[in-house]
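Before I ask anything, let me first share the structure, which is written out below as structure tokens.
Which chain is which? They are A, B, C, D, E and F, in the order written, and residues in each are numbered from 1.
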């Protein structure tokens, strides 16, 4: 079972100039073979399928716990894509077909993320490798994280939108943690020292400006325990020095504090949402009242500041 | 973000006679168009893609919160399949190719669940409908739950293995809750009363013996709030009488108590796991010691009772 | 545009002993690369995409008109499959998972046809070749019909159920007509004489007992004009002697008389239909009355004879 | 069985400036999950798979009859795409790879429609839901039409080419009829009033300029009976007031008058057709003569007016 | 470029009792994610895409040369499947639909291999990982070979047909060579010693009886140079002691001697071939004569011994 | 088995201005339904699956031998794509997402070929038709080559990059040979004269400037025997006059001389390769020394000339 927390794992910038072509490319980090759907689902199903797990607790706990963090990553990638698409779904601002990488982001979605890769192909379940062979699954996971790091670095280079850069900066840092974690798990199980390949690709995370704030907070050293009380034995694997920096690896009990979502504004040209937001708000208010809840919405969120969205539309509408 | 709890949402029986053909059919409830991967991913991405959500909190909270429960359901289906396959992956007990529905459960997996449907096709991201149009998404979700209930009833009838029956008995009860929840959300948003279709298909859940224990505990009335403190506004939608029984609908703060996993035994003929469990146990013990953790594994789990697995092998190995 | 006629192109037998494994194999003739969905959709889209068609009328009319007949063929294959599955979806009669080729016929469908091939893969639009190059499209169509004939002959040999044999007997006869038609079109356009390959595969249709009644009615010689008044110029291509028998080829104005459908009985274990048939009948009757229609249903159909379905259930329910 | 009529269901404009990027987007209305292939094939296979249909005639007739109209819609969408591509396949006018959404429209096709969606993925048979459960199938169909309306509105906004606008204007009107039809069928079967959601999305069709001519002819009120004499019982469901306008719903016996096709000109750079049109014309003429048909082509069609195509090429060829 | 040699890489037994169910399972080794199509195509495209290859010759030569061996492996797997299916496509001997794993082996194929996995899904190009990053590609290749070894061991256990056992016995031996080769390449490039994981899965190849003859001939130590004169620098990587046995690794100039094909007999029920073999033989003879070639066929092959095929048919045809 | 030769079948130009959009279109010739993967794999599996082949030697030898040439063609297409992408993966030169047809060429690949078509869909095994029916397989192959010629002509027209033109110029010439070869095989087997359709499409290869040098060397007349000594009986089919030119068809013993590869330079922005080329070179040198190989790389290759790559970067980097 899971519990869900209504916060992002890290802060993402609010919408600015829309970038539908870039948003099409970022889909690779969501639904590509090496995207976050793949990491999330591989570790999730490996944990479900883990046999004789009690005696193998450190390994089971590691896989199960990293799976939990990956949920936060599909959430981050989706939010970044949605941020990049904001403003491209407003009346009069729909992009020309020529300028769109993935038309279904507008037609199937409401200026929103799809469960697809950067070529518009859906993620599929055969991207999951879950053999039950612990040596093979851990080696696979190390390889998957290496491929994911490679893909993030390329998307970083290819897409300059601030939301994409904030996203890849953070994910490179956290993905690096998982890469180290699986390398150490393989080493402790078999003796094979995969850390000799680091950094792979051979660009130290620390060289990427958008990674710096996270490194300075030590995000590259922490394995969060994403559970109220389970998965304690990750500490049996996540310890000792970081293979690149020599700093001590640390297990954090509980998730990071994270950040509030930006409440991305409605995109009326693509009916996101439909009915009109005001109409829904009124219905919602009435429902709250009938249920004895407060008059005002109860969740915490960053509301869009006046004028931002208007400004976006200005930019993209020819004068 | 999510937190993960190392418990199943409900109890499933331990392994008994293996049923690989049945386990192939149950895959439909995992990776079929109307399976639990579809409910989980539809609601998850709808929540990620929800625009102007603050003013629409009751609806956002409902979708986001049901998404969280669906994780527990992919976990339940996978565990049931793995239970049904236990004993079919032991040395000398591998089933004949003739008797297997889905050979990849043994070749790609370790006598384990795949992210596929009952025809061996992988689940794919185009099963997700996330339009951003609230009326359309909620109608879709109601329809998806109705299709899911239909599929569960058919698998119930087709597969008699105790794990499959325990699974479908529970899921029918919980799926019914979600069907009601989306029907009410549509009604409160638009006025259209979908509960007039209930029960759909027209077999009351209460008639199914395996649902009875759950109904007696009121599982058909409760919407769990799967969050430490978020998603409070589900209470604005989940209230009033149950459309079939007239009993009061109830929001429960927090998840159900759930049940411990059965530690499914190793299946050596399919290398699940590899190395040998004893070898892994020894390594794990050493790692725990080095990390200052207790000598014995720390997680709670139902260990296999002596003799059960041996007896299974006896049954399936010709004398 | 099309007009639809509520009759089958030929008579099929009523349900007898159910044959779910055979019904899985017959799916190849519906959704396989060389199945009737492929012939229907290839010719349909070639006709839509036909440029400069007025000057090429004989060829356009031929392709457009054969497309129309292929609709009747997807209808025939589906009806045969549904006939073979009848009795396998009754309460207490659901087949064991071991005995089913395609579990989705029962779970996704109501003991019914899917748009899939014999391996459970969905038909897809890339099976359509529509290049706009008339020489290439006609050659393709000849090749497609040859492959389709090959597939029908194999299904004939592999599946002995009376509905499958009636189906393949008729389709071999009609598919043979289309094979000749495209061969002649290629010859008249390019001079290449493809009829030298006939029969391909080298089994004369006349040797197949189930084809005999149709041959005796001259079905192997007639090209029906499936239109109230269009597609007159098929006569420019469909004339002269049959390449195998030397008999005269004939254009028939209008469709064949065809046959009434058997009203396949409800399969309650798979909710086909749901609500109960009696309940639906009552609602239907009331709706007819309110609309000033006759009290009794107005369509013509073969109703199931008493006792047939009961007898089926007897056979398949262990005593 | 079907009969085919060599006319379009409504008039589309002749080719003007080619718009390959837009034509790539319009593919969504053909081969997307909510495109016309989906509506056509869902209703077609539901009608094939309809059990105990005689007693349920009003519902069977409705589904079977709407299926027939959908054929005309795949024809309309294809024709609109082909119109938009005309001029982009002439010698010296092939678009730059940069300016093409779907290169296969030119390489696999002859500047023509593919059975794909706007991301270039083929339509596939798993987009068909045909459960045999009447309540579920009708609810599905209502939902499918709602999604289709949503998609058409978005394509309307995104693509400004006159052929795309004429297409979506007409389809919105007719799709609205089907949306109402299934809503009423659900209501009459179950009592659930789905018309309370209308219009969904919340833009009245009447507000769209390109819908106006059709509305003024009452196209939003008519259910055509696409059959020489069958499917009479649609009148039991299609009656009473239109849920949005209050006007009387009307059943028309027979199809609409429709319009002649424009004979889209050859596109020599993509061999559509090959041989040269003149060469084919000569062969066709000879074949007509040999068969005793008139010297001139017999079908009715709008021939391209002199100079139009030449002008197109002028526009797109840099001076 | 390649040159082709009309010999198998190792001897396979002639047809005996047909085993269509087993032949369906063996497809995994051809078209599965870890099958031989994957190894062949991964290394082939990595070699095509290898940038700056001259300075990286030992690595380029290794990948390019192993690619060449993998062609021989898709050939071996296909031949084994075809051997297992021989006798199941004879007149009167076609298997019941119940007894077939993959009906398309008979309907699409002529009792023959398909480019599919054991669930009947086609191999696809997204199984290829070719990043251009040498560290990542080599790690991938090591992982792919490990997964391939895992799959071969499972198929060995699941399928007892002599052709399947001869196949897996040989491939385990040769796949082991490739696993070692990529492990050493990774080690020599990065220092990470992957051989510490060996054997993976933890069953030494030497324990498998069908591997013994090959081990005794030293097949586990040899890397063949599959080229008239290129790829010399594999010697820079393939040297030193075997990580499991300590014996010296050896580069062989040129391919192994291999074995003659068995000329698998015609399967007339599935038109393999069509025309009749005798008819084709006569045509072939005439063509040889006209071209001045010898009267008798010139290739070397093992011809079926009299009576073998007849005996097969006897076995499988009920008396 | 195969032997591999480290040469291209014909010369391709070195990298010049990168053309990522064009490179996306050329993918159709690699992974499209009518691309070189399809020709390679169709003939390869037909040769594996060829039953009773000894008596049918001329036909078996033809199919098996052409299969061998097709390997050289997937190599040529991949090399052309990689050439066109060179310069687009350098630091500071990555193309804008707007200018890319297939983002995965950069993210999944290292500015390199994927096993996909021009819409980014992976090639899949169901593009292979291998029925075992010799008449059908040969007819299919003729049709496949005709479609391939059609596709090459369109790519020729659509993509002007010198590497694309050199590629299509050569492939048109060689594909024409295969088209003739299968036409003659059909004719000699069945009597049907397919050469009457030639040229198809109706543009003589000789009219294409880039084909001229190859025609002048007689490449349109030669069938190479891609084997050290097998496949002699192709001479029984490949003889007599060329159907278009009347010149004598010739069998060449052995492959063409071919050309050296250009060593395409590293593309550091996409880690092709990673580590840095210099680092790899140093490791390679050491490995050569340890193995007693020459100090310098031993393979023959065209090294990039100084300044070329630098100039490319200049062109694409804004000043």
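As a convention for this text, contacts are C-beta pairs under 8 Å (C-beta built on N, C-alpha and C of every residue); 3 or more make two chains touch, one makes a residue touch a chain.
Treat the numbers as computed from the prediction; the structure is a model and nothing was measured.
Under the contact definition, chain A and chain E share the contacting chains B, F. The greater number of contacting C-beta pairs, out of the two interfaces E-F and B-C, is seen for E-F.
For the two copies, chain B and chain E, the CA superposition rotation is 120 degrees, given to the nearest 5.
Put simply, the C-alpha centre of chain D and that of chain E have 49 angstrom between them. In terms of their C-alpha centroids, the spacing between chain C and chain E amounts to 40 Å.
Under the contact definition stated at the top, the residues of chain E that touch 2 or more other chains are 33, 108, 116, 119-121, 126, 129, 131, 133, 135-136, 150, 200-202, 270-271, 274-275.
With chains as nodes and touching pairs as edges, the resulting graph is of another kind, matching none of line, ring, star or complete. Chains touching one another, given as pairs, are A-B, A-D, A-E, A-F, B-C, B-D, B-E, C-D, C-E, C-F, D-F, E-F. Touching chain D in their complex are the following residues of chain B: 33, 121, 126, 129, 131, 133, 135-136, 139-140, 142-143, 146-147, 150, 186, 190-197, 200-202. Contacts from chain F toward chain E in the complex involve residues 1-9, 31, 37, 41, 44-45, 48-61, 64-65, 67-68, 71-72, 74-75, 78-79, 82, 108-116, 122-126, 128-136, 188-189, 226-228, 230-233, 235-237, 239, 254-256, 258, 261, 263-267, 270-275, 277-278, 280-281, 283-284, 287-288, 290-293, 297-299, 301, 303. Remark: chain B residues 94-98, 100, 102-104, 106-108, 116, 119-122, 269-271, 274-276 touch chain E in the complex.
Touching chain D in their complex are the following residues of chain F: 19, 21-22, 24-25, 28, 32-34, 99, 101, 117-121, 150-151, 153-155, 157-159, 200-202.
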